[in-house]
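I've put the structures underneath this note.
You will see two complexes here that share chain A, one where it goes with chain B and one where it goes with chain C.
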Partner chain A sequence: MKSVKRRTIVAITSLVVLALVAAACGGSSSSGSNANGSGAAKGGTIREELQEFGWTSGFDPTGEYLGTAWALYDQMLMRGLMTYNHRDAAAGGDTPVPDIATGPPTVSEDGMTYEFELKTGVMFGPPVDREVTSKDIAYSFQRINTASLSALYGNYYCGVITGMTCDAEKVDTAIEGIDTPDATHITFHLDAPVGDFLYRLTMPATKAIPEEVAKCFTKAGDYGPYLISSSAYMFMGSEDLDISSCDTMKPISGYDVQKGMTLVRNPNYDPASDSTEIREANIDGLQQAINTNYDDIFQRLLDGEIDVAAGTPPKGVLLKFETDPTYAGWLHADPGDRTWYATMNLFAAPFDDVHVRKAVNLAFNKEGVRKAYGGEKRGQIATSVEPPAVLSLSESINPYSANTGAGNLDAAMEEMKQSRYDLDKNGVCDDGGACDDILFLGRNVDPWPEMDQVALASLQPILPGLTLKEVDTSTGYTTLQQMKKLVPISLVPGWGKDYGSPYGFDYYIFHSDGIYSCTGASNYSLVGLTKDFADECGIGAEYDAYVQNNGEVPSVDAKMEECVGKPASQIDQCFAELDTYVMETAVPWVPWIWANNWTSVNPTVNQYVFDQFAGTMSYINSAVDNGLAPENVA
Partner chain B sequence: MLRYIIRRLIWLVFVLVVITAITYAIFFVLPGGGSEAIAQRFAGKAPRPEVVQEVKIQMGLDKPLGIQFFNFTKNLFIGDQYGWPGLGKSFTIRQPLKPILMERALVTLQLAVGAAIMWLLIGIPIGVLSALRPRTLFDRFAMMFALIGISIPVFVLGAVGLYAFVYKTHLLPGTGYKPLLEYGFQPWFSHFLLPWFVLALLYAAFYARLSRANLLEVMGEDFMRTARAKGLTERRVIVHHGLRASLTPLVTVFGLDMAGLLAGAVITERIFNIPGLGDLAIKSIGSQDVYAILDVTLIAAFIITFANLVVDIAYAFLDPRVRYE
Partner chain C sequence: MSQLQSAEPEVQTLAPLDGDIRRVEGRTPWQLFWIRFKRDHVAMGAGVVVCLLVFVAVVAPLFVTLFVHRGPNALDQNLTSDIGIPILGPSKTAWFGVDGIGRDVFVRTMYGARTSLMVSFIGTGLSLVIGIVLGLLSGFRGGKIDTFISRTIDIVLSLPLLLMAIGLSVACGASIAGCSGVWIMPVLLGIVALSALGLGLQSTRRVPAMLVAAISLVLAVVLLGSGTGPRIKTGVPMVIFIIALFGWPYVARIVRGQTLSLREREFVEAARATGFGPWYIMLREIFPNMLASIIVVTTLLIPQNILFEAALSYLSVGIPPDTPSWGGMINDATEGSLYFVAWWMLVFPAGFLVITTLSFNLLGDGLRDALDPRAGR
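Moving on to the complex of A and B:
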């Protein structure tokens, strides 16, 4: 029985992979400016300014955990076994496609072995100037496995690929579960089937890294300024890097984390080894420069001195974009695969009663908060946890449909009446000890204060004891992370996917592994908290009270493990069930928006494409008509 | 005098150690701080314990607080793996801080010196002329200018300057820093002109008022009357006797103002996108880059304390009444 099931899994996985490859290579999906292989004019340099890079790990692909960095790696600088087509979700932008793999892997019957064949002719850029081999892929996994390199999402591989533990002392420690029989073949042996393994192989940390250079950088983040290209572009000045020894290497001149980076075409890149469906590579270069004056960035965009600016435009500029026909089409709002939500702590009264949490879901004025946030262009009203581009079934999960967006006070009060904290059953939380002076943690940076007020106004009829406290964003997150603080409810957090499969969104926020320590959790609601951990972190009494009043603490750990072990074709359905449980039974959140990412472009950008995976403009598939050579822009 | 200087230098070292301790305490002892919290900020959005631990090791945060503080101050005075003084490594930039700080200090120095020249050239002549022609139309206009200059915040003046000279008229090239050796004189100068002016205007206004008040006071002194009685020309009386005496107090103020600017003209640098020490300070605070913050704080403290010392010594030369024993 088990064997038949596994064969089925493998067959379905293979079919799905083939379908994905066919979809990616067939160029069947195109719309508007996202037309694949559009034949856009080549040349020009995209000029973008940003206040700072904000890297989490020095732009070292092994540890870097910032979406904008992932965009640069995956689109421009690095190639790995799998990638994305760097287009929007409608064009398949969240679906993995082979990159330097010749095609989909051969998956064993038990779903625990993946064999890839590599293309020939994929070259590292100068000064390495050699072909990428399977050893370079294996080396990137050795880096992930090395403790000192702090692979921030190493858990997607460690404990998954046999022999990977993420605590190796040396980078050259071979990994038992990775075989490289020759230069063009690599095999992964897993400890258990993982249905979204191909998604994990799209991540930047898994891209090819040349050992002869990277071996010199054994501390987290150090390799960033020396990054060797294996893709269509490279740091300007890469050819001047002296790799004759570790001592002779000086940071590549085209990248200075304090000033900016300039990417130019990699002379060793052979388009024949790639696909224009994945990388049109229209531009001659990309310059990202640091400008600490945010207003000035957008003024320079209006003046045509730069081509792209990401983020929310200053009010005056936004008004122009929204009302002046001259600026029609300058502002792009693309689904960012990010959910903004109000988090409720399962162990903080009165939210330790599920009826209160449900009532909050029914009363919450999502429309109003979105309006204060910037209106419809900010994103789609969320009914469930995962953004639709990550889990297409999300839109059908709507257990609080009585709240059509503006909040439904009547329904909320009905729900509240079932709570033990509504003593006189009038739909209002009135149990003095638990219902008075309830902390509502908000943000003090625009436009949050207005959003906080709207949210508060919609909840106070059922929770009159809510007391708003606003802090800066960083303090907000660090406060939520401290378990003992037991923040009852907060509008501070948002969450984005790691990769376009549901596990890459849900894992850190609902799995108990997302409660890492007493002062570090991304699972702020504490879903799946265990008694031992509660005791260790000093909230044992609250844990006991929860169990006494409600029974078992809701957990999705087992379901999540079950889901991720399923073949790719069944993962979405399984996660839809998990998310339904989250929304109906655990109820840790009020998801209020599936947010868009905003990018402003000057008309010099004559083909704008959005990269769904990275959540940024697709530099690799967009085009610019400014006639500038990168060396003249730098 | 030598004994005085040595005493002040020892005092300077003591001040630096105390400031380091206070800054350390802010980050490591006060609520919300501590090694764990700092390390978590550099361990990604999902800070797994093993990654946090590795970050702590690499940042030296795995040691007891006292040892961390001792190591930091020890490295500061005897150097670290990146040379002397040991300023450590930025965990945000992932590079040794010493060359970064030196590069940024040089940028800030250019900003400060250029602005200082400008404000001295604007402020003192206006103040002197106002003092020589008190209660005239010029004097009233000059003092109105001073009042406006002092009253307008730099961020407003900067924004207005950018709007008027860059966005609207395109008379100046815009924000950013163009190194002299890399881009040549014209781009360097034209990019600094507006920040110099904005910064200078604030100080020039203050210096105009100060020099006017001082000169007016000096003009009524006995030695001025004596100088005139000796038959000296009015020009000689004012330039040789009046100005020297009236401008001496400005030395103190100038020294401290320059020191303050060298420690980082935070707002000006941010508005005009100038990568100086002030900009680094803001970025480091935002990203909780502890060692960068500590270093900038120390540099600021050093410059201000050292400037105080220089001012005191300069006083001895400028004012014969002052002697240090």
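Moving on to the complex of A and C:
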């Protein structure tokens, strides 16, 4: 919609950089030891089954936006300048650490230039079999900059790094703001300083990509089945890829989106170029097989035929995990840095009245919905938009404290009485035109129908006109993304961070840049919508009505630009102010849970580690004791 | 013997039985049907069950108000465990237990009967109306009209019903207004025009029929051009619409076949010779003679439509979740294999579904035997 503006700042990321020094100075250690002192044995193969991969861009790192894909890239397959330690938040899993970079960058005083030195000995896997250089990093940015490759989070770089616009026609277009004076040095020149730039350099799209292979794939998603490893593992069968020309390349045999993937050790990986703090690389292989029968996946887990199953276990299995001592410790619930929420559209009556939105926040039965979702292990009741692991101050933001979780109908009715849609001031929305037949969009996939019912039951006393319609998850999201649909309220969406800094959570969901097009908004509530864009998308009348009744449309754009330009030490406080504004003034959401991710593991997994960044099990730092060699499941 | 030998045989009257004069009386076809039907105890039993189900469906709200005091959507999460698993099975408190959010399964099963029967009755009724009109027209008129309608029947029957239903539900499901059905009225008007045209060509009074056809066509074109028309909303109306849309060909095909046979019969020839028009002949001569077949088809269509509604609800594309339906309840029970720990969530709605469809099928069989004993089984 429009390019990102960055305000000038004086102080920048020095604190983050200093914090990274310690991690970098930890240096490499041999692969035979475990930095966490767990003493986990090497070997074995983690066997996981899932219903589908669900990639958003064919597993091409430039455009892929799925967390499980990010886990595989960052832990197993790809290395970039920065990464995470692939552990939980308590162990620093949300803090960027150098990966291919020898250490923290040298940052200019004005915060506009970042210079990195690269390690030597980091090798691409077969069949490329050469050292990773600064040009491979620069090439990944050229891919981000190429329109046809559809880098989904390109806004983190375009408009930030000089010369990057994300609309280049050809992938070999050099970027003005990236210098590669030699194979081991790379410099980024920014248009404006950005306090969380290092976080952005952890993203999978910025990892090293070999041009000699990737140049053959100029459409979004095509590179996925040919992905060349630069990390500890690779697709099984990578060595058989014939890269003598683009025509001779056939998808690598260890990956088939319909069947699964098998990762094996990359023979070119030199543990000395890495750190066991970051990658223990205990397992010999990872098998992820597709099994469309969800019940069967968990039955196979119980039977010991697989080692890992992600997601919500069937209720019968869950009951065993919760009540049968035999299964104690099988289910892991880890903070997923994800908020589930009900979204309310600022331009759809009666939610175009802030009192109605506040009343909904007060009435919403968060406890009940969480119970229908699976109970306390599902996560923490949310009081604000960002999960605490992303913004530690989130727990202190609680403007609707009158709702302690189960909903407070009295408080909600008092709030509703202030609404123009409560004509007789009895605490109930009763303005016929706006209050009858209000669409409440829910999911029809388990366990959401029951959650929808609980939410609806808590809101109907103040909004009796709510009418539940349920659709599948995909339809739910695409419906919300279409501005003209003006979905008044929906329990469909959830939102997870892109990276562990508040900007990486808030940007696409509250900034007006999150309204990309008339049919592609991730800012479903339309916070910060402009008149021009409203007209363009056919909701000009609703925009005018909003302004007439409420004044200015709430926007967080300016505050967000201010926050992201702050020094790292001040970013959190600034975003806490921003989130408070969101919760008290804009009120686009009812955040109801800061969700946990569930992973069920068989006792064969004798060391379970959670990766906070990816929100999945850390395959790279976990260990399995099944003595199995990897088999090709693709 | 002595009487036979007498010269003038004496005319004797039979002694009255129990004092009354006994006469041999003719029986109407319906009386014969009832006598035969009464002898089929299985069908009678099925009929009783169907009547009971209808009774349950009708009195459900009253029953709940008087005895249970909990509506079908009343939640009580205290009756579920910390992880949302129902902990109260069949008991005095809840006769059929509760579901994953503490709703009373008995109450929902009763209300589910309302939904299933309402949807299937109305949907089947609409299928019958469309099917009878088009079947009669096709069979009686013959020629191009017959060809057109028959091919339409073939096309509709070849459509993947479930996939179409799911597609329509998804397409129209994400809004209150549903999706535009601008084509519905033009299509219905087109059918009217076609019917009038077909009858007009055969009738001596062509002008009024042609006028109706012309007006219908003009209206259809105007409506199509203006883009206005009814909306297709998900939920009960959508399921009824789908049942009617895809159910009529079964009726039409049977009615057409019967019409083709009946129109050659003597009483139709007689009516024609007497000067009666096609409307009269179709409605007063042919239609009553195929009523038995239609009744049988109806009793077989109803359970089929009940199952279809249940299938759509099971797939979460039919009846909305806040309207209890047996298919939706079975779907709730299979959520996360919940039936392993809360069997009652599956057994009761599924049991009622089986009993209902079985009863209608047995009733249909009995009706067929009684109405047309020559057909045999």
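Everything below uses one rule, namely that the second predicted complex is superposed on the first by the 602 of 634 C-alpha atoms of A that agree within 3 Å, B and C clash if a C-alpha of one lies under 4 Å from a C-alpha of the other, contacts with A are read in each partner's own complex, and residues count from 1 in each chain.
Assume a contact is a pair of C-beta atoms (placed from the backbone, for glycine too) under 8 Å apart; a residue touches a chain by one contact, two chains touch by 3 or more.
Quantities reported herein were computed from a predicted structural model and do not represent experimental measurements.
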| query | Clash or fit: how do chain B and chain C relate after the overlay on chain A? | reply | fit
| Thinking of the overlay built on chain A, is A:T248 touched by chain B (first), by chain C (second), by both, or by neither? | neither
| query | In the combined three-chain arrangement, what's the angle at chain A toward chain B and chain C (CA centres, steps of 10°)? | reply | 40
| message | Let me test your reading of the model: by the given contact rule, A:Q573 touches which partner, first (chain B), second (chain C), both or neither? | response | neither
| message | Under the stated touch criterion, which partner chain does A:V454 make contact with: chain B (first), chain C (second), both, or neither? | response | second
| said: One more residue to check, A:D295. First (chain B), second (chain C), both or neither? | reply: both
| message | Let me test your reading of the model: by the given contact rule, A:E52 touches which partner, first (chain B), second (chain C), both or neither? | response | first
| Does chain B (first) or chain C (second) touch A:L439, or do both, or does neither? | second
| said: One more residue to check, A:P313. First (chain B), second (chain C), both or neither? | reply: second
| request: Answer with first, second, both or neither: which of chain B and chain C does A:N632 touch in the superposed model? | output: neither
| task | Considering only the touch criterion stated at the top, classify A:T475 as touching first (chain B), second (chain C), both, or neither. | result | both
| What is the minimum C-alpha distance, in Å, between chain B and chain C after the two complexes are superposed on chain A? | 6
| query | Can you list the residues of chain A that touch chain B in one structure and chain C in the other? | reply | 295, 475, 479
| note | chain A residues touching chain B in their complex are 52, 54-58, 60, 63, 65, 147-148, 150-155, 166-167, 219-222, 224-225, 251, 257-259, 290-293, 295-296, 299-300, 303, 305, 474-475, 478-479, 481, 508, 514, 516-517, 519-520, 522
| remark: Within their complex, chain B touches chain A through residues 32, 36-37, 40-52, 54-55, 58, 91-95, 100, 159, 162, 167, 174-176, 269-273, 275, 279, 282-283, 286-288
| query | Can you list the chain A residues touching chain C in their complex? | reply | 295, 312-319, 322, 368, 371-377, 437-439, 441, 444-447, 449-450, 452-454, 456-457, 467-472, 475-476, 479, 485, 487
| said: Show me the residue ranges of chain C that touch chain A in the complex, using the header's touch definition. | reply: 73, 75, 77, 80-85, 99-101, 170, 173-176, 234, 316-317, 320-322, 331-332, 335-338, 340-341
